[in-house]
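There are two complexes below, and they share chain A, which is joined by chain B in the first and by chain C in the second.
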Partner chain A sequence: MFRSNNYNVTARIFQRQIRTPAPGTSFHCARRFYENIVPSCTIYDAECPDHSFRKFTEDGQYLISFSRNHQDLIVYRPSWLTFSCKEEDCDGQDLPLKARKFESFFSQLYSVPLASSSELICKDFFLYIESNQFGLFATSTPQVHDAPAIGGAVHGVPSVEKITFHLLRLGDGVILDERVFRNDYVNLAHSMGVFLYDDLLAIVSLRYQKIHIIQIRDSGTLVDVRAIGEFCQEDDELFLNSSYQCTANGDRSRQHHVPVDHVGQSDNHNQPSPENSFLSGIKQRMLSFIFQGIWNEETDETLRMQHVKKKFYFHFQDYVDLIMWKVQLLDRHHLLIKFGSVDGGVSRNADNHPAFLAVYNMETTDIVAFYQNSVDELYLLFEQFCDHFHVTSKRSLYMNFISSHSNNIHVREQVRSNKNKATSLPQFVKKMLSSLPYCSQSQSPSPYFDQSLFRYDEKLISATERHRQCTDHPIKFISRQSNTLKFKIKPGPEVGTADGRVKKISSFLFHPFLPLALSIQQTWSLQPAVVNIHFRR
Partner chain B sequence: MGSILGDLPSYDPHNFSQIRPSDPSKSSKMTPVTYHPTHDRTLPPPDQVISSEAKNILLRHFYARSEEKLRSKRGASETESLTPEQVRKHPRSSTSDARL
Partner chain C sequence: MKSSSTGGVGRSWQSTATVSCSGKRIQKEMRELNLEAPPHSSAGPKGDNLYHWVATLIAPQGTPYQGGIFFLDIAFPVDYPFRPPQVLFKTRIFHCNVDSAGNVALDILKDGWSPALTISKLLLALTSLLSNPDPYKPLVPGIAHLYLEDKAKHNELAAEWTRRFAR
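Right after this comes the complex of A and B.
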């Protein structure tokens, strides 16, 4: 009776009573209910406080927002609209006036000042440690361009006087620990320069070309594990210092040298003097890996030297000039590092610059793989094992359901058709691999973005949290199974002001599991943002 | 032994001694047919331990490719490197009998 048309919620509930889902699909069957429970009701222009709302935490417990002056953190708890209705036909009634208020849906927990007077909270940066309900935030002073490259810094990378990472317990807003980086540069936009895996943080200091691995303990302290860049092994520095002392004969510059701890906290100026001609540890590993690979390619000993000269020494300076752009952890011991030229490191559009991806084992300090980002071999691995690049931690279940071309047939078909339509295969490969290394927590786990449940226009809205151009048309979510329109996200009754050409950008915050979403439209000027609340009535 | 399962054998005659038949009129104190293997080809080696690979499949691919690249063609160092498959099984003392 219900077989062919089991798309409504009643039929699904009956099915759930009498049928056990196929093995391994109980989660998927339960998720199908999201096709029936959708945020179809919209409250336009809700009265809400003038904060910039950042995101819902992955477990749905908190809504993170920052004050307009970027100095305070305000955390809300998502609740739900409740009201009573004494009429006979309650469903047909309009919503009460209090539904228009933001406070009916969210209750404020606390407001904590994070940034002092000269600093601003970086509102694009937020990482959530789900196991302990900790949040990581960043504040920084303004950027200084054209900073002199002293103390081992790289030319061309801007400098920030002080970047502070704050670890907060989100339950009550207590600041547990801080980490300060001085005269350094970490790419904080969209949390690109920091990767969270389980309880390990990998922070890339672009200016000093170091990867700081920091562990977040359950008590809330940040503990430095290692700093990779100049030195790879923990005792490299000790070894080099002791050999400096042996060889230096009353050399004045060496006498002023202060041993530096691996911690990013200390002043980064006191590094081994730039006069030493050693390449940094990570670069040595990279060059030796490349050399060995090229050396082994040619078996004939007479031709080998020519081969190595052509492929390696000819490009030697280019390899030496590469800098680390971005890093992610593949598991607790392996890093995926993106190398590129200095120009591409800070700019947004890095398509024209060559880039390389390397896999580095932190325990053995070996480079395991090194590929240019247009190589088919790496693309095939990415195509087959995309989910192994998109790691967060071993325990988060929701990551299995964030649609990627490795876990979803519809996304895979889309990628295949794009590949067939692509005019140039290396360009296509480059474009696909440009998403590596992955940015942690950059995709919303909301089931409404699940491609096996809904079909929607990816250019207008997607799981990746980015601001988009505001569109006049409503964004439609169409159920995959029944091919019917389930709900729409409309930007608002009027979009655009009287002059009609004001560009608005919109961003969407979806709750991870409730049928609740916020869509925020704002202009570049300081006008308050328009917030619409989409929920299931 | 019960009608649902049929007359399947067991290696231990004392198994299924606690089973209560669904139909109380039929007494069922039958011991199952016992089966003893007549050869030891299917026994695991006494020192075998099966553990899961710590590296995920992506990393295994990276390591396999790098070993191909770095392996010297002269073959002298080929014997040195253990392939991941060989490393996975470690020697261990024999396991106890499995309980049903």
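Right after this comes the complex of A and C.
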């Protein structure tokens, strides 16, 4: 009886007064208050504008939403509910009807049209540049399957006529800069094809196999830093052309058709097939790294040949055929690149395709490491040092508290038990490593997902943004420490829908630090979504 | 895009006799290559296609190409060893005997070919081509010219190419 009292707010405040927390745990202790301050009150089916709500920015300043026709961006500022009450016992009363609506919690800042006539907003794509309060959005034309692979494009990758990235100042909705990709393909779902690190963007062009590194300047301009793919260094192409020119000039008088041809080719950018027969810059680096590794594995001269033949030449074409699927920055110089077959890069479920992960230093243009996605070595690194892969904005302290199996004992135990239960270890490793490279900003920093504070059914809800199958049961958040139910989140109408067979999908938007969340339930039919507001009274 | 269709690689089965003949010969050479490989180079069939090989040259120390790893495509004709294999650089190289599409000018790959030659000897010849370019039978006259006129500049450029494109 007495013990459980330790967990109420008064007891905690008193504890805070008289006790100094153990060194280095003051943040953890302060965060315990979230166990007491929870979004336990729900406004069901709140009267709200018919937009698709995307997310809260990581600093909690903005709520991003798009119009239903995927043309406009509407930005809200989350504000706390205030209302006046004439009755005597205010707390005991239900909320007045006037307060029970979306506008009581959010005030619209502006609405700006983003999409032009033929383009639509990709509602799965949004990245927030916290340091400058910029937002990055994408619009695109519909994708074309069976697009002919012209001009060095990879065969089998769909094409999109136009993809535009828009950089906006979120404070007032002014468009600062744009970047257009034509007849290209960037995977925009869950921002997969684009990674943000500090002010650096890495955009993967699947179709042309290039990683575009773009810097977002404080002034709000997008500046090309380099493109990695066909060439590794930013001036490789220039160097190549100038040396062709140089060797051609020294030879004006004699038969000079070969070099001159090449100068002409690179001028009008339609390089014929002989030019493409060379390995691309990144492939050369990769193959030479693999080759040297295999070559040095075996020191015995006579066995070495056999070894290289079996392990390298036999798979040579497979390595050559790999394409870059996804990329993340590990720091300002190192990229983690996932390579796989063409089929796996486009399809949603890439688990069954062989894939490789490479660490590439873009300054020195060296491959630092290369792993198949089923090796234990990489998995063990991932298990222990997951947070090194998971680079987040370092500006807000609470971003460091996103639970992972490297920083949270409960998550680690869960992973270990899954590992022990797994029937096939390589399969388990593959599944775990399939989350690499990470997607930018795909996890909510909300304290209610902190697994050292709460436990909840991760099949129904988690920090990772996903649409989820919805059940009619409320989702329970149980305190880790006291093992008591702290609050429930129930998406959809208060009383379950009449037809239980209709498939429902729900998504959850949690404010990064306030006890405020939206749950959005949709059915596949054309009915508008049911939005519930969860907050603390 | 694939150069595998050139040079009658394996897939054309007009004369079974020659195919199995050349196949046996290639297999024999492969066994020999396993036993005594020339230094700084290696080669092997790509996948299970006996007629399509990949070779790797580790550029010898002391040449402007040092530090470079060069990959080459080797395609054997069906009537091998009576016709020479076709060799194509897959790695860019600044060399007067390799053109801007990767074709190699080497005497033993043309008129100088003899059925007595083997892959092992070919690898040796290719490696020595890195140490000793032949500017008098150039494929890129501009580079040959530079090699003869200003060798220091030539080596500097070749090293820069290696650093950029062949690591």
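Keep this in mind: the second predicted complex is superposed on the first by the 484 of 537 C-alpha atoms of A that agree within 3 Å, B and C clash if a C-alpha of one lies under 4 Å from a C-alpha of the other, contacts with A are read in each partner's own complex, and residues count from 1 in each chain.
The rule we apply is simple: a residue touches a chain if its C-beta (ideal position, glycine included) is under 8 Å from a C-beta of that chain, and two chains touch if they have at least 3 such contacts.
The model shown is predicted, which means the values in this text are computed figures rather than measured ones.
When the shared chain is aligned, no partner comes close enough to touch A:Arg182: not chain B, not chain C. Residue contacts after overlaying the shared chain place A:Gln292 against chain B and chain C alike. Residue contacts after overlaying the shared chain place A:Ala369 against chain B, while chain C stays out of touching range. Within the superposed three-chain model, A:Leu381 lies in touch with chain B and out of touch with chain C [touch as defined at top]. Applying the stated contact rule after C-alpha superposition, one finds that A:Tyr313 touches chain C and leaves chain B untouched. Residues common to the contacts of chain A with chain B and with chain C across the two structures: 292.
Looking at the complex, you find that chain A touches chain C at residues 232-233, 236, 239-240, 243-244, 246-251, 254-256, 258-259, 261-262, 273-279, 281, 284-285, 287-288, 291-292, 295, 301-302, 304-306, 308-309, 312-318, 365-366. In the complex of the two chains, the chain C residues touching chain A come out as 1, 3, 30, 33-37, 42-48, 53-54, 56, 58, 69, 71, 88-92, 94, 99-102, 139-143, 145-146, 149, 157, 160-161, 164-167.
The residues of chain A lying in touch with chain B in their complex are 289, 292-293, 296-297, 299, 330-331, 334, 359, 368-369, 377, 381, 385, 388-389. Those residues of chain B whose C-beta lies close enough to touch chain A in the complex are 55-59, 61-63, 65-66, 69-73.
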